[in-house]
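Can you read through this structure? Questions will come right after.
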Amino acid sequence: MLTRRTAVRNLGLFLAGSPLLEAQHDLTNKGERLPAIDELVNVLDFEPVCKSRIPNNSYDFISAGVDNEWTLRRNRQAFERITFRRRMLADTSKMDLSITLFGQKAEMPIFIAPTSSHQMVHQEGELATARAAAQVKTIMLVSSISSYPIEEIAAAAPHPLWFQLYPDADEDGTRERVERALAAGCKLVCLTVDNPYRFQSERLERNRMSTGGQPGDAGSAARRRRTPEQQAPNRYLLRPTPTSRLTWSFLDQLRSWSKAPLLVKGILTAEDAGRSLEHGADGVVVSNHGGRLLDGDPATIEVLEEIVNAVGGKIPVLVDSGFRRGTDVLKALALGAKAVLVGRPPLWGLGAYGQAGVARVMELLQAELARAMGLSGCPNLASINRALVRAAP
Amino acid sequence: MLTRRTAVRNLGLFLAGSPLLEAQHDLTNKGERLPAIDELVNVLDFEPVCKSRIPNNSYDFISAGVDNEWTLRRNRQAFERITFRRRMLADTSKMDLSITLFGQKAEMPIFIAPTSSHQMVHQEGELATARAAAQVKTIMLVSSISSYPIEEIAAAAPHPLWFQLYPDADEDGTRERVERALAAGCKLVCLTVDNPYRFQSERLERNRMSTGGQPGDAGSAARRRRTPEQQAPNRYLLRPTPTSRLTWSFLDQLRSWSKAPLLVKGILTAEDAGRSLEHGADGVVVSNHGGRLLDGDPATIEVLEEIVNAVGGKIPVLVDSGFRRGTDVLKALALGAKAVLVGRPPLWGLGAYGQAGVARVMELLQAELARAMGLSGCPNLASINRALVRAAP
Amino acid sequence: MLTRRTAVRNLGLFLAGSPLLEAQHDLTNKGERLPAIDELVNVLDFEPVCKSRIPNNSYDFISAGVDNEWTLRRNRQAFERITFRRRMLADTSKMDLSITLFGQKAEMPIFIAPTSSHQMVHQEGELATARAAAQVKTIMLVSSISSYPIEEIAAAAPHPLWFQLYPDADEDGTRERVERALAAGCKLVCLTVDNPYRFQSERLERNRMSTGGQPGDAGSAARRRRTPEQQAPNRYLLRPTPTSRLTWSFLDQLRSWSKAPLLVKGILTAEDAGRSLEHGADGVVVSNHGGRLLDGDPATIEVLEEIVNAVGGKIPVLVDSGFRRGTDVLKALALGAKAVLVGRPPLWGLGAYGQAGVARVMELLQAELARAMGLSGCPNLASINRALVRAAP
Amino acid sequence: MLTRRTAVRNLGLFLAGSPLLEAQHDLTNKGERLPAIDELVNVLDFEPVCKSRIPNNSYDFISAGVDNEWTLRRNRQAFERITFRRRMLADTSKMDLSITLFGQKAEMPIFIAPTSSHQMVHQEGELATARAAAQVKTIMLVSSISSYPIEEIAAAAPHPLWFQLYPDADEDGTRERVERALAAGCKLVCLTVDNPYRFQSERLERNRMSTGGQPGDAGSAARRRRTPEQQAPNRYLLRPTPTSRLTWSFLDQLRSWSKAPLLVKGILTAEDAGRSLEHGADGVVVSNHGGRLLDGDPATIEVLEEIVNAVGGKIPVLVDSGFRRGTDVLKALALGAKAVLVGRPPLWGLGAYGQAGVARVMELLQAELARAMGLSGCPNLASINRALVRAAP
């Protein structure tokens, strides 16, 4: 029988690009006292605890944005341009935050965004994350780049998963990837379209410089496992992914052999929302990839409404990048999003406390959203509308 | 005869939710020199003096806002978006700041906002506050959650009081509460509608964590006295108040058994101002509860004009949250408010110097308002109008 | 023959309100090296040198703004909202910055604003300032509150002066004040209308507190010489000046007995500019009194254009408050001002180096303006127009 | 045979105004470790390395802006007002950043701006810079004020150069200057029109003060070599250049004896763009001279579109001032610029590593631009258009 690590190695499909697979860190505390989980009063409190528990390179890999990290900061600051117009004296004694989307029910409109290689922060990796998602009854989007095979992740959790797709270099590979995920029980395919190049962080580059790129650090591990295409940065020092060769017709191709609901993730303009519609997407995710791709991308909350207006209610719009508070989520819902994905917060929870941490992070977000909704006179998601917020220009 | 404390205990009506009733702090100086009261040149100067005189938990309870305290800061910053358009050479040698509202005269359009449990900061609690209000001839709004019974507070002060109402869990309780206040001499009922949940401050939560929630601190005292409904946070970790079950028809109910003038406090939108009008309110108070309820609420000075326009002069509009300067007050009056309530400043005065401190705080605000009016060519409240200010978008 | 100080004492007219007349400070260096004057590269450099040479109270009296000093800061920051639209390749080899206003020629459109009691910063007081104005051939506005009698000031300087008027408590006194100034050779009366109350600075109040209000400090000297009216702050703690009783008809009165050109200083709205026109003013000065009267006044550069538009070119508009750079001046000229007054900068020059300092300050401003004009394709004042600047909203 | 230095001295044409010609600094490291060039991850990293390698005065001369250096900072900050509207799923696997402008091909739309006296930072001066430009196949604009004669610079580099022209005091001198540059192989004349006065930096003035203006420092060297006209600052303390006497007819003159393509550099308004067109310019460069001339100039990225609209596509518009990132460049291209010039970055590269540093700086900018374009769905310059960016007001 295969050991854990061997099993992962054999599943090359999910390894592509996984930068830290070998970093099976001994996640012992670095000497600092681990606070009891209920001493953390909000999601932001989990970040320093996570940081104290995982290797610095892993922390930087999770935290970093691209270049000056301007978009990373903008993702937070932009929420301040929106204020509430809450309404009083609506009976909110019976709150209900549940949502059914693409046939799947969740107890909150806050899902776990697809992020790669959860073993980077906790040995149980995606298994723990998936169990936590099931525990709090929300949806987890499993990344194409996972530390565990999709079958094991799906087996770990009773609640159905969605599958995030990075296309493979050839169509057959992509199709195998999708079919395997669906066979494992995933209920939806979420195609990420925004990264023709691999993540390139100056923060991580500087780490590599200062450590001399020793084996075991994230950067060097990634470099050693590059495919030939990825080995040599091209003439413009770029590190393309298979996505760089795709056009919108790829969606048609995908639809021709998959009937699963299809989300297109990484939409930032009305034009691309329209293209998604034309090519048969069942929904879009407004995302700037957590500020990790182009420094100068707007915050997603700034462009959400443009995209909501463009799809005109024909398909649901989801959104991610920078959400840390229930009030952030409520602002997005008021501007027309159906649900919000959170990426770094569950990783903080995972790195800090494993499954329990992920579950607590999601519960706190749910609680904050419930409080914000109740204070705004909204007992359920259907009662949220555009009049709830005022957006500064 | 009952002792002071016993008396309070027996008046359960006013105890509901009072978080610090037992904290009959020995309000001795913590060792710092107490400055002479006339060394304090403005209202803001009273805050550090108060802080040096009262328990840290009490100070935090007064000061805290909700979550990131963004709205708390916004309440102050938003005044900077408004500048004056003052007019010269109007004879202002005879200033008159008096106002008559709902039949009650005051010597300034600046009233004492309802805040809970004044014994948290000074042993004489609301008795001292009420005496100070009478001394400077302004209106005090007495909170439903007071350290002293309304009868004693009313007896302490010759100037009539207004009564702030938090609804009880059942209508009879509410009615008894109102009738008792009116019987004691209160002239108006000010119904607070903006808090379906109890105040939840991360600052206070962290205090509780670091002290282990020992008896005697605010948080634990509050927890120990919770009603069954309040004991168990519900599935979304919420702590509802009776207000969470109310709708606008509650106003009709109230009007059916009370003929006292009715203010509705906690209005933040034109829509709710309109609802207040429809359901018979005699006035509204624009308030975000001092930044203590929903982080993301706009500053009240930002939305005041929307509400003034919505009521179209049919009933008076009052406003609170963040007022610290005479110029702040004048900006609100120019935008259409009839009067301004101040909450924390009189508490700072009370904590620092007792009755004399409250009186001085109100006098300083009055003096600053008089100076700002005189410099603007306004000898009285009637001469203030919209042309006096310019509001940046 | 009278000694210098006795002479001043006998001229009660000019003493009214002079807060520091007795403070004939020994203006010796406080021990720091006095830099050579040409080591100072811009006007701002003179402030710390002045500060090192004069009593702290004098420095604070000059520097302070009212309340939070928000308008004081805004006066500087608001210039940043205006950027240039300069034009190239206009022959600017022959620059001419001269201006003729109300029949008086000056070599720069930058005049010395009226400020009180120049002996506060230098023993030669207004005599030195007036000599410096003559030296650089610009106009000095002499304050009603001067350390020297107007006759001596006028005698000190060959270049004609303008007279700033604070009305006396009765008309005869005012008329005597004006006629005496005109007899001494002043060519214009500049009536200040914006201060119904005396300057009230929290910074100075705090100084008084910490020094116990000892004789010799600015505050206490002022208090000791108060007229009965000024002694007792009225019910609203105000300290009115005779201006508080005036209306616009005072201008008609003034015009009935004085044919000198009349500037009205302290205009902040189109409405008051219109009133000035109606009542016969020959010009207006847009001013917020250097941020010393109402905290919340806009920067003058923000409202200049409103006033320029209101007078429609019928009379010249001047402006002061916060000007420190040639580029500041050019922005005002482009927005329609005919000239700019500077108040604190010449006082810094005077306190630091006496007459030579005032002259150098004015020369530096002139040089900076010349450079800014030349770089913008404007060889003279007539070539400056509205198209030269872009104003952000 | 002439020594290097003697040769330079004999070429008075190129010496005019060169402030640091004698400063043939021994560019040895000041004791800090020189990092390996590939440890620098972006262009900004080169600045501190350069600073550690060159005399302080040289560094300040390069870095300084005029007056408060507000425009210098604005040049950077203004990029933040523009965000991307990037498009996904355009095949960007084959990137091409090449451009042909005025008949000259370059491998990137990022050229080396004309800056004076490269020996200030490296002994090989413009020879190294020109070699680096040829190495990375981009265009270098050679300043009229160079450390080496134009013939030597042109001989050093196979890639054709463009010549930046400062007019001489008389037309013959100017013509000789241009003809000599064209004879040496320069392919275009770029006339700078924005500096009627010499650069005047308070930072450098203060340096001079604090060093006593010793020989060898930038300021004093410059002063010693001033022409008679430059020796005596005129009545307004100005230091005019020959440009101060020119008008737009100078362009007609120039065109009458030169058929080389003519760029006009230093355009900041639609009006001057129109004038350039009228007088036969083949292109314009939007520039505020790196924030070195008028403090209050807008950032060039703020006014670029006004100028692009004014020329209406008739001639190309280039831009410089403050560009440090590939995303900065892409914003300018989206707003209509054909190419961007960078001034300080190649000097940082030159000062830090000589030719290799210049080449690396340009390569990094090229790589960042390629990445930004690829992420935005733009495989080449032709695919970039106005819809790619959103500009805040």
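All chains are identified by letter, namely A, B, C and D, in their written order; residue positions are counted from 1 within each chain.
What we mean here is this: a residue touches a chain if its C-beta (ideal position, glycine included) is under 8 Å from a C-beta of that chain, and two chains touch if they have at least 3 such contacts.
The model shown is predicted, which means the values in this text are computed figures rather than measured ones.
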What chains touch subunit A and also subunit D?
-> none
Could you tell me the distance, in whole angstrom, between the mean C-alpha positions of subunit B and subunit D?
-> 61
How many angstrom lie between the CA centroids of subunit B and subunit C, rounded to a whole number?
-> 43
Which subunit B residues reach two or more other chains?
-> 393
Which of line, ring, star, complete and other names the graph you get from chains that touch?
-> ring
In the complex of these two chains, what residues of subunit D are touching subunit C?
-> 67-68, 70, 193-197, 200, 202, 205-206, 209, 234-238, 240, 243-248, 250, 266-269, 271-272, 275, 293-298, 302-303, 393
In the complex, subunit D touches subunit A at residues 39, 41-42, 79-80, 82-93, 95, 97, 325, 327, 330-331, 363, 366-368, 370-372, 374-376, 387, 390, 393
